[in-house]
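Here come two complexes built around subunit A, the first alongside subunit B, the second alongside subunit C.
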Partner chain A sequence: MTTPLILLPGDEVPSDYLPSSKSNPLKIGSGLRLLSQPSTKSKEPNHVLSATQAGILETDARRNTISLLSFPNRRYIPTTNDLIIAQVHHSSADFFHCMITPHTAQALLGQLSFEGATKKTRPMLKQGDIVYARVLSVGIGAGAEVELTCVNPATGKANPGGLGPLNGGMVFDLSTGMAARLLHASSSSADDDEPVDGLVVLSELGKKLEGFGGFELAVGRNGKVWVDCSNAEENAIKVTIAIGRCLQGTDEHNLNPADQKKLVTRTLRDMKLV
Partner chain B sequence: MAREAPPALVEQEFILNALKEDIRLDGRGVDQFRPLNITFGEEYGHVKLQLGKTSLVVRISAEVTKPRDDRPFDGLFNIAMELSAMGSPAWENGRSTDYETHVTHVLDRVVRHSNALDTESLCILKGVSCWSIRADVHVLDYDGNLTDAACIAVMTGLQHFRRPDAVVRDGQVIVYGVEERVPVALNITHKPLSVSFCTFNEGHNILVDATRKEEQAAEGEMVIGINNGGEVCFVSKFSGASLDPISVVEKTDVALLKVKELNTQLDKVLQADLAKRAKLGMADESRAANDR
Partner chain C sequence: MVGPTASLSNLHRADGSASYKCPVTGYDVLGAVNAPIELPARKDALKPEDATIEVFVKPGKATAGVGERYVERILRTMLEKVILGREKGLPRRGVVITLAAVGGEAAERGDSYITIIPALLHASLLALISAAVPLSMTFTTTLLGVTRSGQIIRDPSPAAAKAVASLHVLSFSSKGHLLLSESQGRFDFETWELVRQQAASICRAVATTGSDGDTDMGEGADGAHVDAFVRETVEDSLHRDYTWKLESA
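The block that comes next holds the complex of A and B.
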């Protein structure tokens, strides 16, 4: 596919845009809803999908995934398999009750859904702690509970890496669209010449901040990004704030790659890091 | 849910640790306001204000009413402010919170009770009719420091507003329309503004114009209302950790500096808007002549 396909809510995904691989089951990402599946009974040979948001259709033939890259709005609607940063609100006997976004229904995170967690070794999270988790299920209908997990049920590992409680560092708010772009950019960093989604701010920061011991980053689809640079020691706070400001600046002003590089240089100079 | 969602522990800890090194999240200095952007609507007294991500709209309106019996020489002036769900998901329509009471109280004290608007000049005919000026504050988005933003917006609105001209002839009150006679500016006696301070780390860090996250991490708050001449018309320290008296005096100086800065900026935007209107008015007139 050469030209990007823009869909409006309610539009059906044209069948020639669907990834054609038959070996893997088709994985549907955010912004799309499955209307019917190919089966022996129905005449339709393909999946029928319709868009629930406006956005650009994204497909990955190798992994057989299809999703919608939506506009940078501020409202997050949980979708299965999204990686998010949730905040523990309180805990009960079996669950941690977590906030994905403020003022929405709380999501459930099992006390034992952490890597290697048993009744004795499970993490003791308290109110206000944050966890990097995956949306396990969103339920159907009104009042359905969103369930989170920090472990891959098939392998018992924190898969993809890094799921679990996040300690130290700082959380910055971004738009959900920017969070999606960051996740997309990090998952498909195959070639370095072509910036993914026009996003060079992270690689630029990585290059410039190498001398400070680099940084750790966790992006949540719910519009949160966690940054930790404890390696930078006495400069840790400055580096963290610089990263946060660069990401937020790129998000708010919708900067192009050249401006992103300028912003990084300017911010680092402003924070006296260069 | 009538409360803002609490910040994550790491956020709170990080903000406090950063302040120990005198660094704020957005890179501002301790005594620095966020960028202030003021625009005006088509009508007089319609102000849109943005202070960082806090944004609000103020409408000033005037009507002729009967003055209060105990003050026949005075006009009426009211500030109406309600925090609606539009501003933040934590606020509910029609239910007032402590925060709302606090903000309206500060506005009332700083703008109304300091006599910034000369209510005696609003009298048209003693005991019979007077102007009633009303300022409506609508919060569109909330990211901290609502008091200062609202104060600036109301004061700008009052200076921008023009009421219709009214005269008394043979005991009759005649109100002229805006087209008939040039509307009159309100009589502003002085220009007080509030400056809020948030304290952190046992009073070691005192910040001006805190964002919502900073406000949530703060241990105490203090509001100083002061005018260009350095006359303090309001000081409040309602809640939170105690504060060293010396820092109250020091911060009054800071507040004076800030208010002078802000008022200069306000004068500039008001002048620019007046000039724009004058030009438009002239263009309108010449167009009317051509029509004839």
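The block that comes next holds the complex of A and C.
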């Protein structure tokens, strides 16, 4: 592992940082743009990439990808296949018009893009309802509409991901960086007790709150997390708030694993849950 | 000489924010950037393939007047060149930059407004970086005053700025282009050329080669070049945000 390289807008990616695998084409993530690529005509043997944002360069040699990790509190920009938590603003004949981030154009969610939905059995979502959806397309060209779906287009099922309306519970705001980190940590299989991405807050909460019937969590890439613990009965509100506070505290103060454990203990004690 | 101080992502609810404080001139600017957001009233139709950039400057103790409108226009024209408005997610959307002068002496009626431009530009650059708005390059800005005796002074204080013969604001990109040149007062071309050379050596760490072939090492005594300061501020902030990643690696 080489030392992390931090780039500023306009910096070129040094050629020795580029993944050298030739088997599959280089995939360029956010924050970088391609200036020239190797071809028979140009003399340049390597890709020339330039940064458009400030961030830490991250490469994956196996999948031949390169991207830039930028500041975690930036605004979410819809990207195809991202899981997000959207709020229904209003509905029209064919679509639910949903909000993803404040002050941006509404995204469209088809009235029939739910698992098993037909004209007769579609979910009746009202203004303010929350859905867990996948970004189906972001359109081509300027100002195109974002389309969401709550089913896997290949299978017609809501899984994987447990898409669909989220009933009950509460939504908390997080930074987009933290949301991406939570999703990444949950997708990479934790076969041992090693914390993934330096996150122990959820496993710690899971251990401590087992007696209250556990909790359900959905993380949206647009910086939202939905928490539901209806199993906790009379303590449901307390447990929900405690989980939200722990996640937001970890995000805001950028806590390390030891401090995350302390925060969980302190929050649960303050809420008289231990 | 005391260098400027800056910090990133101070505001919780803005997409990106930064504060920039220059102890010599006394300006303290807080900048917030929200992007990309939807524009009201079809302003986007004017430039369908590009982002629309809006700049608002607010003085700390008074309402904004013609002076603020004047610097807003200068900032907007310059930032439009640097922001990549055609990158993903930005066309037909707005980039709103709000800058508030939270400290320092308020400019009085008849005072020069160009003295505050370096602080405003640095605050907006850092806030744009913090909001991850795509930029083609970074830039640095400096304020120079030429006294009546022809001496060039760096970052004159508001009191000193009233006494000089001419004031100059110059901005250089990280690749060495001259992006902005605003001047005020009486001066000739030779003076301006001297000012440009000095500004280039303050803004950029790259040694400038003089006409006689000697390498001019710039302001060696000050040590701190402005572009090194910008880079350090951003790197520190990224290190803090990604401690979890860098420690595990």
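Here, the second predicted complex is superposed on the first by the 201 of 274 C-alpha atoms of A that agree within 3 Å, B and C clash if a C-alpha of one lies under 4 Å from a C-alpha of the other, contacts with A are read in each partner's own complex, and residues count from 1 in each chain.
What we mean here is this: a residue touches a chain if its C-beta (ideal position, glycine included) is under 8 Å from a C-beta of that chain, and two chains touch if they have at least 3 such contacts.
Keep in mind it's a predicted model, so treat the numbers as computed, not measured.
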Quiz item: Touching A:245, do we find subunit B (first), subunit C (second), both, or neither?
Solution: first
Exercise. Count the residues of subunit A touched by subunit B and by subunit C, then name the partner with the higher count.
Key: C
Exercise. Check whether A:5 is in contact with subunit B, with subunit C, with both or with neither, and answer first, second, both or neither.
Key: neither
Exercise. Quick one: classify A:75 as touching subunit B (first), subunit C (second), both or neither.
Key: second
Practice problem: With the two complexes superposed on chain A, say which partner A:103 touches: subunit B (first), subunit C (second), both, or neither. | Solution: both
Practice problem: Could you tell me if A:168 is touching subunit B, subunit C, both of them or neither one (first, second, both, neither)? | Solution: first
Practice problem: Based on the superposed arrangement, let me know which partner A:237 touches: subunit B (first), subunit C (second), both, or neither? | Solution: first
Exercise. Once the structures are superposed on A, label A:271 by its partner contacts, choosing first (subunit B), second (subunit C), both or neither.
Key: first
Exercise. Mind working out whether A:183 is in touch with subunit B, subunit C, both or neither, as first, second, both or neither?
Key: neither
Quiz item: Which subunit A residues are contacted by subunit C in one complex and by subunit B in the other?
Solution: 103
Practice problem: Spell out the part of subunit A that touches subunit B in their complex, as residue ranges. | Solution: 87, 99, 102-103, 126-130, 166-171, 226, 237-238, 240-241, 244-245, 267, 270-271
Quiz item: So in the complex, which bits of subunit C are touching subunit A?
Solution: 8-9, 12, 15-16, 34-38, 44, 48-49, 84, 87-89, 91-93, 129-138, 173-175, 230-231, 234-235, 237-249
Quiz prompt | Footprint of subunit A on subunit B - complex, ascending | solution = 1, 4-12, 14, 17-18, 21, 23, 25-27, 89-90
Quiz item: Which residues, counting only subunit A, touch subunit C once they are in their complex?
Solution: 1, 4, 6, 8-11, 30-31, 33, 52-56, 69-75, 77-78, 103-105, 141-143, 177, 181, 197-199, 252, 254, 256
